[in-house]
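Here subunit A shows up in two complexes: once beside subunit B, once beside subunit C.
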Partner chain A sequence: MLTTLLNGVSLAAVLALVAIGLAIIFGLMRVINLAHGEMFILGAYSVVALHQWTGSVWWGVVLAPFVVGGIGWVIERTLIRRLYQRPMETLVATWGLSILIREGLKVFFGGGSRNLPIPIRARLHFGGFSYPGYRIFLIFVAIVVMAAVLWLFTATDFALKVRAVIQRRDMAMAMGIDAARIDQAVFALGAALAGLAGAVMTPLITLNPEVGLFFLARSFLVVIVGGVGSLLGTVLGAVIIGLGNAYLSFLTRPVFAEVALFVFAILLIRVRPSGLFARPE
Partner chain B sequence: MKSTRAGNLGSSFARASEPVWSRREFLRNAGVGVTALTVGSSLLAACAGGEEGGGGGGKKGEPFKLGALIPITGIETHVGLSMKVSTQIAVDEINAKGGVLGRPIRLIVEDEASDPAIAVQKARKLIREDGVSFIVGTLISAVRNAVVKVTEPEKVPLFNPTYYEGGLCNKYFFSTGALPNQQIDPFVPWITENVGKSFYLIGSDYVWPHGSFAHVKEDVQKAGGTILGEEYVPFGKTDFSAEIQRILGANPEVLYPLVAGVDGITFWKQLAGYPFKGARVSHSVSEAILQGLDADTAKGIISAAPYFMVVDNPANKAFIDKYQAKSGAPYVDTFGEGLYDAVHLFALGAEKAGSLDTEKLIQGLKGVGFDAPQGHITIDPTTQHTTHAFHVAEATGNQWNSFNIVHTENEIAPASDCGKIPGITA
Partner chain C sequence: MAGRGEAAAVRAARRVGVSISLLRWAHWGAVVLAAVALWVVPLFARSYFIGLLGRFLVFGLAAMSLDLVWGYTGQLSLGHAAFFGLGAYTSGLILAQTSWPFLGPLALVLGILIPAALGFVMAGTLFYGKVVGAYFAIITLLVSLILEQLAISMLWLTGGINGLYGMKPLAFGPLSVDTLNEAYYFIVIVSVIAYVLARLLVESPLGKAMDAVRVNEKRTASLGYSTAAVRTVVFTLAAALAGLAGVLYVPLEAFVYPSQLGVGFSTWIIVWLAIGGRRSLVGAFLGAFIINYGQSLLSERLGRYWVLATGVFLLIVVLVQPDGLLGIIRDVKDRLMRVVRGSRAGA
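Let's look at the complex of A and B:
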């Protein structure tokens, strides 16, 4: 059924958008960023704030990645840079950061929930079939962003520098690459992508500071299933989980679909610990 | 030249960035760490503080500590604040007239977060640390059922404002919340007469929707209607596309969702994106829900409750004026009104009993009446639930006064699944 397929693709789109930022930070830089869900939420609340000031949701969607990217850059410079190669400390520090951000948002915005109107009310029609326009928009955004990220991390000069810094940091620096700048750029980019995901998702959900935890768990699931270190793997992991969730939710019940997906992930990791599309080391 | 990866610069390792763990260990520990901390976070969230009121024990002039368990965070956060403000207004009104039996009320509010584990901790804290001997509040049924297991052994009365699935009979439990016979039983026949006969039921997966739908199904059967589908969703769902697809496929005349709290708002919003042609009917829709939707989505939803803000009587006008002056948000719903009533009934019961001693207070509360914003209500001595007004209303928009009342019944007495409540003399 076309509806189920589109449901699956729109779910996959959300998952891909949320997870790709984590794939960059966790997969490439090996930083366990437990504040990733909060980057998502900061993007969402940027939309709320900009909507309050301007009356339009679109300003938020456009500006949120820059806002959250900026916040990510600050976090990298103050916190993350001291904790590379120290995973336990990073775990604790980013979790503490996540609590800080969540409670800070409660102070600023109140503990209550926020709802924004869905900005695209039109539906996509063909034949007798109809589908919400905003979800189509979401899919479109996800495709464009995935393509851009994959291009950025494979076909550009920046991609070469990133690989160099990851593989042999001292040699990269000796060759004149500013490794610290690359770290900042990559982390900020990962945060910006999470912020974008939060921004486009906001009109579809009811927003409160706790929502980030749900998307944090999902992001890790997608990245680990898809393969840590492989951006394409993350995208494909999102597609598999999104489509799987949609079909199972429709054919059976949502609770069963959730359980089945986690069972699938556990079995997969057991059989292929590096995920589906592990980056060759 | 500084490096954040100290120790690796100029090292003789074959690979720079020699990690502390192997890839396999890394993935395993990351997965465990994330799971453990995500699970632990709900326990950590319990440390969100409450507000202190202070005040002491038994003598005249000394403040009487009244505990309040309110869902300030969690899935019912959109009504939590209005419940808190309503409770405070009632307390202020009573204190302005000299308090209860000459003692001012000190309100101690704790966040129950719509989480039974947290609510139980907060209830214990109120009783054992703060020494309260009377508690108002709790919202969702799962929380109420958990808290009653704490308050009853401690012999602390709980006065609850929430309509629910019925069946709770307990000497230390009072309710200004409607029972199914006061809210569902009058509603379903009205629906089958005025809206449609084929129903699709969808609710959150816990006791309230299950219990309520049991009554709905019975009433639909009696009215000669049909149930096309019934399903339950977990809390915290962010995507309802599969459920909506099933609903569209079933094509009911009446869609009756009992998706709780903010999940309900998400559900209505997402449903609006699809071409659903049936009626949207639910007794869970209040002003608080409407405010979360935009006007086009809200228009046409039909609800039923003991109280809507547009109910036209002097007590309600006075209440709304005070409420909107005090609160940031202009809307209050039947839970807030229920708490306002509960606090006033408590004071009236204490006056009637001439004492704040729990056992005498319980006897005093029986039969007490009050001119509430919803209309006049009385506490039924046997069930310890109040009589209720009943209104059916259709939303014309998303503002606090967008409801249009289309049907009213007054002072419906509470029936109950339990005949005699043990330990009560009526």
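Let's look at the complex of A and C:
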């Protein structure tokens, strides 16, 4: 039972990293980035590329957020900023972009699946119970990063600027805040978090360019359940979806677990459109 | 030729003094001509081409279905293949039963009604809960993804990844849709009927309400329309139409498989419509024809780049030409008209 719990927590940790990027980008810019799953995949393939080069997974895990954050920054500068105030067109454009990235990766790396070695082989023992050390490491990383993100968005100068831009963009700009740069920073940060999630997940999954879609879909469930109003809500949404997925997969087949969570999310969006934890507007 | 295109055509007609009723007659005349042309194709075309053309028409129907939702009411369905595939699976499963009577009519009717029911439930739940725009689009995407996964994993019902095959022909009493030519003629008849009905829909008062809901939802609501009702009705009809396209695909392909429900195929439908031109029923068919014909010409050499190209197409449609090919045709025509008028003014 403890294994299922920890499986759920480690899935929740990864989903939180992916979904928080989706949520902060949507919260600030009202942009839903359908290529967000591809940011995850780009993080994963950064690890693959650096693993081929250096023979170690660690370089990729450390560098992936910077690589993907840079890519996100370029995407914001070249594409997203042309599309503000046109939410439906943004969906189409980012969907096109996701196809471009996914197929580009297939051309570059080949479309087949691959598995990377797990860098931490040790298992953690307590009592008569043991659990893979790498998954514990993953949970630890997610907690540290989430704490850093929460700090960044609540206690810093940057947080004040972001909030000002969200509340009254024109007024914030009149006060000398460079709103366009805030957009770039937030978009790059969201992409970097998804890239980090992809990087740390790489050794645990069978990687191919298509898996981004599944993490995108689950992140949407997280965002629907947790709402986009508060970062804590998104984290709690990730915990619900992660634990729900682990326990339901334990009880029935994984695909039915996904269906059950999806139906739950649909019913929830009907009753509480702003999510479980956000205050209704 | 509806929406923006229609308005432009009407303006052009007024300018040169052609009455609008004449324009309308010209449109219906063109429809009859196109129907006759499609009808005589099997007389001199190779069976490979007949198969292709039948497939294009089915895809055009799917794109026209998306057009009603996305083009006319402004709600993007990112998972439209869910309804197409559900129609195909429903009719395929019924046609696989050997003992039931009236298999053909049952497969056709349920293949339309079951996707329509799913569309009605989705639209009713979401639109009446004010879930519109991006959230709606994402939920349609999730529905398509989940139905594909279910079709893969529910082996006992769907045959899993291998899909359904060995169906009996779609038969209506003595009439049977069995050979390629019979399937093709059946598709042509149904496509023409569906086009005429869709055209009548977008020109009806409900069609005007669809435009109004897209352009300004608040104002439409303040005029006393239930915007949720308009969207729900249209989405249900579109789901039925997509299901019908799925039913038609079964005799053509003799095979039903999970990706017909999935996100990849949904994306194709979006690409056909976006390239052809949204808010134009003709554009839906045009996009399906051109993209698929291009694919059949190029795929031997460039198959792996063709999907990549669809990503580029979507970006072009958003950034450069929102009205797709019909928009390009209109721009070229406008420019020619300006040149012609300019030279006349100079003379």
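Rule of thumb we're sticking to: the second predicted complex is superposed on the first by the 276 of 281 C-alpha atoms of A that agree within 3 Å, B and C clash if a C-alpha of one lies under 4 Å from a C-alpha of the other, contacts with A are read in each partner's own complex, and residues count from 1 in each chain.
We adopt the following convention: a contact is a pair of C-beta atoms (placed from the backbone, for glycine too) under 8 Å apart; a residue touches a chain by one contact, two chains touch by 3 or more.
Keep in mind it's a predicted model, so treat the numbers as computed, not measured.
Visitor: Given the alignment on subunit A, is it a clash or a fit between subunit B and subunit C?
Guide: clash
Visitor: So in the superposed three-chain picture, is A:59 touching just subunit B, just subunit C, both, or none of them (first/second/both/neither)?
Guide: neither
Visitor: Go through the superposed model and pick first if A:73 touches only subunit B, second if only subunit C, both, or neither.
Guide: neither
Visitor: Which partner chains sit in contact with A:169 here, subunit B, subunit C, both or neither? Use first/second/both/neither.
Guide: In the superposition, A:169 touches subunit B alone.
Visitor: With both complexes overlaid on chain A, does A:89 touch subunit B (first), subunit C (second), both or neither?
Guide: In the superposition, A:89 contacts subunit C only.
Visitor: In the superposed arrangement, which partner chain does A:262 touch: subunit B (first), subunit C (second), both, or neither?
Guide: second
Visitor: For A:104, using the defined touch cut-off, is the partner it touches subunit B, subunit C, both, or neither? Pick first, second, both or neither.
Guide: second
Visitor: Comparing subunit B against subunit C, which has contacts with more of the residues in subunit A?
Guide: B
Visitor: Which partner chains sit in contact with A:158 here, subunit B, subunit C, both or neither? Use first/second/both/neither.
Guide: Neither partner.
Visitor: Tell me the contact category for A:208 with respect to subunit B and subunit C: first, second, both or neither.
Guide: In the superposition, A:208 touches subunit B alone.
Visitor: Regarding the shared-chain residue A:270, is it in contact with subunit B (first), subunit C (second), both, or neither?
Guide: A:270: touches subunit C, not subunit B.
Visitor: State which residues of subunit A lie in both footprints, the one left by subunit B and the one left by subunit C.
Guide: 32, 34, 82, 87, 91, 95, 99, 106, 213-214, 217, 220, 224, 253, 255, 258, 269, 273
Visitor: In the complex, go through subunit A and note every residue touching subunit C.
Guide: 32, 34, 79, 82-83, 87-89, 91-93, 95-100, 103-104, 106-107, 213-214, 217, 220-221, 224, 253, 255, 258-259, 262, 266, 269-270, 273
Visitor: Please give the residue numbers of subunit B that touch subunit A in the complex, ascending.
Guide: These residues of subunit B touch subunit A: 1, 3-5, 8-11, 15-17, 19-21, 23-24, 26-31, 33-34, 37-38, 41, 44-45, 72-74, 77-78, 80-81, 205, 231-234, 236-239, 241-243, 245-246, 262-263, 265-266, 269-270, 272-275, 292-294, 296.
Visitor: If you look only at subunit C, which of its residues touch subunit A in the complex?
Guide: Residues in contact with subunit A: 74, 76, 78, 125-126, 129-131, 133-135, 137-139, 141-142, 145-146, 149-150, 152-153, 263, 267, 270, 274, 304-305, 307-308, 310-315, 317-319, 322.
Visitor: If you look only at subunit A, which of its residues touch subunit B in the complex?
Guide: Interface residues on the subunit A side: 1, 3-4, 7, 10-11, 14, 26, 30, 32, 34, 81-82, 84-87, 91, 95, 99, 106, 110-113, 115, 117-118, 121, 123, 130-135, 166-171, 173, 179-180, 183, 201, 203-206, 208, 210-211, 213-214, 216-217, 220, 224, 228, 246, 249-250, 253-255, 257-258, 269, 273-274, 281.
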